[in-house]
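Chain naming follows the written order as A, B and C, and within any one chain the residues start at number 1.
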Amino acid sequence: MWLQKTIVLKSRSRGFHLVTEELLAQIPEIRRIQVGLAHFFIQHTSASLTLNENADPSVRRDLETHLRQLVPDGAAHYVHRLEGPDDMPAHIKASLLGAAVSIPIGGGGLQLGTWQGIYLGEHRDHGGPRSVVATLNGETF
Amino acid sequence: MWLQKTIVLKSRSRGFHLVTEELLAQIPEIRRIQVGLAHFFIQHTSASLTLNENADPSVRRDLETHLRQLVPDGAAHYVHRLEGPDDMPAHIKASLLGAAVSIPIGGGGLQLGTWQGIYLGEHRDHGGPRSVVATLNGETF
Amino acid sequence: MWLQKTIVLKSRSRGFHLVTEELLAQIPEIRRIQVGLAHFFIQHTSASLTLNENADPSVRRDLETHLRQLVPDGAAHYVHRLEGPDDMPAHIKASLLGAAVSIPIGGGGLQLGTWQGIYLGEHRDHGGPRSVVATLNGETF
């Protein structure tokens, strides 16, 4: 079976946010899939999806701090500056982290490891709501 | 339906290049797919595929400039030097950016966001033509 | 056809390791697939899967050296420190490199380029065995 749905994630502050439950709540049909894959795709170039630790919030904070250091706001060499000092670094982070995560489905649920969760990386100061296309494919029970 | 095709991207200069149209021109069969996924996979370890802004060319230029700073040519700590100062950084960038992009198909086309395009990252000074395996999978109309 | 199997990769030292053969040995069923996709997913947040050069071991060494420089152990700004100086950088590398690789299947085998292999990125000093979920999907001969 195939299922495709666009999920709008509510507006969030800059940084990394755990969105596993918010995404799963929109795709209850996953329970029908015995084996398959779930693909989550963010339709933006200044935000990202990535997998990381689902427990201690300090991991999300440190990830943001470190990325701000690797890709600073308003670096002198940016030519693309029209939309503000947070725009070009947001594009760079989007490519370093990626627009999509693809996760195995088994037994009607995501086969995440114990400590894995889905992060939304919001790389703009005021990014607004973000659209994620969820595509599920697999064999039903 | 499944479709797989190897697409040869013409030789390009070092940097990031928008290749969405060049890839789509080779897979007209996508129009038959109502819901599915398109997977583009570059068969090289010194080039990459990533998604980013499809409008202002300065985004592509700044992405290249910033990556050259994060992963400099001929860094003193590289042991792998035989193929020139641009070779080892090309391998590192290939892993940071990734060899594949996977994009939802809906209604016979790629479900990219308004500002998203597919970039070829050419990380060698003289990389030559690059092979991309396109694999489409989905339900037909 | 769909096939899903959890593969346990044996414990390895910190750094990058070529695991293509170890993974393929566990999925002989791939020979039955004419066209499809193979998805390998690591169920951890301090290790990664990536594609890179399968020949010269110095590429794996330089990749590790350079990532240790981009994401140093025990950086002053890390708040998440409880599990040791190698823990937070391991999480950051996991997101930069990614938890999954998706590779086209054609003619009963992985359609990797001549020089491509699958790397396990072990980012902890003592990471232990690592679980990888392999999901194959495609049309059989």
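One rule holds in what follows: contacts are C-beta pairs under 8 Å (C-beta built on N, C-alpha and C of every residue); 3 or more make two chains touch, one makes a residue touch a chain.
Since the model is a prediction, treat every value here as computed from it, not as a measurement.
Shown here, the protein chains touch in all possible pairs. Remark: rotation between subunit B and subunit C after Cα superposition is 120° (nearest 5).
As a whole-number value, the distance joining the C-alpha centres of subunit A and subunit B reads 20 Å. Contact of a single residue of subunit C with at least two other chains is seen at positions 70, 96, 98, 102, 137. Contacts from subunit B toward subunit C in the complex involve residues 2-4, 39, 41-45, 70-71, 75, 77-80, 82, 88, 91-92, 94-96, 98-100, 102, 131, 133, 135, 137.
Considering their complex, residues 35-37, 50-53, 56, 58-59, 61-63, 65-67, 69-70, 96-98, 101-104, 106, 111-116, 119, 137-139 of subunit A touch subunit C.
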